[in-house]
């Protein structure tokens, strides 16, 4: 199972990026894959091929509007079928024996 | 104001990393800076020098235990004093006119 | 055209990673796509689908040996068919009017 | 010893970035630290504090001209004083028993 954090930004739209990013988040939200949006990117969980197909869909959409795009994909692969998108932070809280901000 | 997402992992502790990562999160939690933990990293907000001092503290701690460490720092700098750690995701929801998972 | 920098490392092989990484470089070298190896990753140039197919091949190979893998993919997309893998550094030298280390 | 790959780009200067990036490369070139420029970033080698001081200098310079900046820093720390900026690629060639493109 793969956890991937995706950041995708156009370079030719000036400093206000939210409107361009929102279209991508909508595609991820409709994909049905577990995801979690944070201020710096979107964490998505799934099998390798599902994740890459979804990122490709996001890229095709953004490249309709933008001539230069910067993308960062950070992947954490762990063998097996366990979902970790909630458990990773739970585990940190368990070890520290306190709740953290999420 | 700077938003930074930090990921710091030892390479010499095998595949179970939570115990090593928890010590770093504790340092960030005690720093007093606004932060938000997600399954792939920790987003922290502050001035450039505050952020770098905090990351340095995390590094000094992890390098006491580990001989090889991988670190990723992704920074989004925007001129001015506005906090964006909550507002960025709010703005996406406003544009999409629906709530997203966070 | 896409320029992508790939870093792929196993987390369960201890601190010496070169032997695990070399297998991936061999796959990239045999792909026929323009590439350039640096101490922190490999820059590859091609169309979106070619790049993703090659990264998938690298992942399938490393996941045969490793149960936990960390991957970073940084992509710079620019519309059109121009190769930039050599030109980007040339252009910096031209602007600075001196040669830089590469 | 730390190896760090730095990418720093303004978001408010349109799609042509070389002129803005060149100023940063000049600062790195004059720093005296071993470095290597590739099409996606600059790899620099030094002690933790030297590296962070240099990145701070680059940031101060770019933030004079730009109101929104994206920065990626990827760090590989290994205990000890060995320089690895040349050796890492040498070692891959040794294992594969052939030369690779660099």
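Things to note:
We just call them A, B, C and D in the order they show up, numbering each chain from 1.
Please note the rule applied: a contact is a pair of C-beta atoms (placed from the backbone, for glycine too) under 8 Å apart; a residue touches a chain by one contact, two chains touch by 3 or more.
Since this is a predicted model, take the numbers as computed values, not measurements.
In summary, the chains found to touch both chain A and chain C are B, D. Distance from the centre of chain A peaks at D, each centre being the average of the chain's Cα atoms.
Centre-to-centre spacing of chain C and chain D amounts to 16 Å, using the average Cα coordinate of each chain. Centre-to-centre, using mean CA coordinates, chain B is 21 Å away from chain D. Here the CA centre of chain B is 26 Å from the CA centre of chain C. Chain contacts: chain B has residues 15, 67-68, 70, 72, 74, 76, 78 touching two or more partner chains. Contact residues of chain D toward chain C in the complex are 3, 5, 7, 15, 18-19, 21-22, 25-26, 29, 34-41, 43, 72, 74, 76, 78, 84-86, 88-89, 91-92, 95-96, 98, 100-102. By the touch rule above, chain C contacts chain A in their complex via residues 48-49, 52, 56, 59, 63, 67-79. Against chain C, in their complex, chain B makes its touches with residues 9, 11-12, 14-15, 17, 67-68, 70, 72.
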